[in-house]
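A, B and C label the chains in the order they appear, each numbered from 1.
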Amino acid sequence: MGTFKGRDVISILDFNREELEMLFEEADRFERMLHEGHVPRLLEGRILALAFFEPSTRTRLSFEAAMKRLGGETIGFTSEEAISVAKGESFADTIRMLDAYADAIVVRHKFEGAALYAAEVAEHPVINAGDGKQHHPTQAMLDLYTVRKLFGSPDGLVYGVLGDLRYSRAAISFLYGLTLFKPRMVYLISPPQLRVREEVREVLRERGLKMQEVERLEDVIQELDVLYVVRIQRERFPDPMEYERVRGSYRVTPDIVSKGKDTLRVLHPLPKVDEIDPRVDTMPQAAYFYQARLGVPLRMALLYLILGGEKA
Amino acid sequence: MGTFKGRDVISILDFNREELEMLFEEADRFERMLHEGHVPRLLEGRILALAFFEPSTRTRLSFEAAMKRLGGETIGFTSEEAISVAKGESFADTIRMLDAYADAIVVRHKFEGAALYAAEVAEHPVINAGDGKQHHPTQAMLDLYTVRKLFGSPDGLVYGVLGDLRYSRAAISFLYGLTLFKPRMVYLISPPQLRVREEVREVLRERGLKMQEVERLEDVIQELDVLYVVRIQRERFPDPMEYERVRGSYRVTPDIVSKGKDTLRVLHPLPKVDEIDPRVDTMPQAAYFYQARLGVPLRMALLYLILGGEKA
Amino acid sequence: MGTFKGRDVISILDFNREELEMLFEEADRFERMLHEGHVPRLLEGRILALAFFEPSTRTRLSFEAAMKRLGGETIGFTSEEAISVAKGESFADTIRMLDAYADAIVVRHKFEGAALYAAEVAEHPVINAGDGKQHHPTQAMLDLYTVRKLFGSPDGLVYGVLGDLRYSRAAISFLYGLTLFKPRMVYLISPPQLRVREEVREVLRERGLKMQEVERLEDVIQELDVLYVVRIQRERFPDPMEYERVRGSYRVTPDIVSKGKDTLRVLHPLPKVDEIDPRVDTMPQAAYFYQARLGVPLRMALLYLILGGEKA
């Protein structure tokens, strides 16, 4: 408990394996309570501020649901309102205002480092709901928790991480998170233009992640236990023809999924657009809706531990 | 109870008279509790998702108020946020996300059938808060409940339904709702261009509604017990002159109201623009603000029955 | 208590000193409860409607936080949503809708008199969260409460009110509020173009406020106990050169603050843009973040007294 209470959540790399396992156990408890339809109001009277400078419906609503399931409340603004929020005031002043009203602050921002800066300004804990192109720690926690639920542990598995590995903070945070466990192998599957950036690769290498870069999902699909998919955005390609050319190779279809093990599970942080064929949705391999569902108990556990309730 | 618990609310035609009467009795109970200022927190810990793909302040706020009066909570998005919600994801995926976070989903959408589709995708109950040009079942429930409060029962009364009967889902749902009771007569009062569509008329005829189409309110005002007014939108008329010509005949003034019975009551789903002269607002015949007020206890009853609390 | 229960809050001038002191004592109690982390749920089951026709994140979020800390709930709309709220309906009808759903209504509007009009239409209490260019009573309450916390009482102090005194409703409401106490002197510090309007000066004079208009902060800084700063907006000056010319003289820097007494305290309703040098933020004289923080207990006290709970 002590390691979470009052703590900021800026990067998944700030946590160790033991802490995540404690978090996951707590999440299991909350999942059970949700299932039984009876959750004690452990955060009654507490307020969570949601500062979304960038749109994020899923993450925002899952934090809201988590807080409210625990009897707590939320205040805040969405990206649509963020412009008028500012009226020209500094980011620091906006954070100070929320810090004055709430017990913790969830921040999503376009710029890398925004959450860290907010944490320096605020007295209350700050939770990074995604900033810049690297960090989205609660998504990584949720993704690892999902793997644990599906396979018992993230250890010993073969992973494929597919899509835009250059700019997707969900993918990069998942890779960072995997360094806290012992995956057997991690395949980084992307077109050459969208490989992980050197600075990220450096961190993964230093932390000893067994990884290999490949260009074609077909080449590794049979080995995978977990296929983690993120979107490839058209805008990343200066040449639209180039995009059209690679696109098909990174689309997950029933066909390619069927070539994998029966026990293969496909994850995706959502929202998905066309990178996964909708016919995959109903295959037993599709775990992304289950993954989305786990966002609530996982964030309940995190909020509960950070806001420092007693052991539930 | 059993007939409501866990049930989707897609069209008023899915309900029968007995079910509505049970609902109205429950609404009476909640109205009494609101009046006494003491409502048990029957839905504490429960979350209602509000998925408004189309603007709707009244319906949205009345669902929110209903849920919160019962100790429950809401999450969701308004139409302003809906675009960024999607980020290109499918409607089904958006519904699946809400289904993962909440205990029931309220949907408003431009397209007919959106609520039914959502109900097929979601495991939790879906409530249609208006989709397309035909269905707005909770509005119809509220309208019938208002008539019952005013006259004891919707049976045996003479109704005039005035305005755009071609495209107003509130008007059409009210007409559908009347088929569950025994009105003495229903006058459909509209300009020729805005008469009920043939498909709708067919349903009303099959269900045995005693109705008659008229063009002028003046011709029937003296017979009416209930005058249900909806807006006529300028945009419906290709020719603006045409609009200006008919407009005056469908405007409800103190003058025309005074020609009716003393017991005439005017209903309107709101918001109203200029189809009712504001001087009517203070006449005893004006029942539309009372009607708006009943939206809260009616929706409290509906949410309570669907989310399956015990008998209050 | 009796003087607050069910009461509208339109202008700070509607209150007397005794009432404000009762309010401040109640705020002290709630501040203590917040500090101890235990607030009784005195407004559980009650709903506050937030009708923001003009943007106002700080005021809105502080009302929300206040209501939710007391176990109450909020519904409403932000200025971004206000356009679709209306769909052409009258302001009075929008207020009537909120009056039907909630126990009190907070209104912010561009036009002077909007809150008063809302109060005439609504049966439930209306709280003015700023309308037009004169009234923002809860800001004035908060500002006076802050002075009381800092100095024991607003009496006997020397005030400087700096910035746009012509159009800033926060500044004018603070001046109105000061007339309820006994300041030793109030300096009105502004460029000639932005002096208080004659109608406002008339009220201040009639109420016996000891005041003096000056153009330069430097001339009075050494006398001040409280410096209340509001923004000067570029748009107020027809000639941009004119704005650039005066601008520097009304910017609060560490240098000018250091020329004042050690016990000088700087207030600002926030958000601030560049009228206060950010280096002032960390000086002991800067009281504006503390002031923002007091917005929650002050509004808790107000909501509690108006919604008429029992003595806490």
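Just so we're on the same page, contacts are C-beta pairs under 8 Å (C-beta built on N, C-alpha and C of every residue); 3 or more make two chains touch, one makes a residue touch a chain.
What you see is a predicted model, and the numbers here were worked out from it, not measured in a lab.
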Those chains which touch chain B and also touch chain A: C
Interface composition of copies chain B and chain C: same or different, split at half: different
Inter-chain centre distance, chain B versus chain C - centres from mean C-alpha coordinates, in Å: 40
In chain B, residues with contacts to at least two other chains: 80
Complex interface listing, chain B residues touching chain A: 44-45, 47, 49, 73, 75-77, 80-81, 84-90, 92-94, 96-98, 100-102
Chain A to chain B touching residues, read off their complex: 37-39, 41, 55, 57-58, 61-62, 64-65, 68-69, 71, 78-80, 270-273, 278, 289, 292-293, 295-296
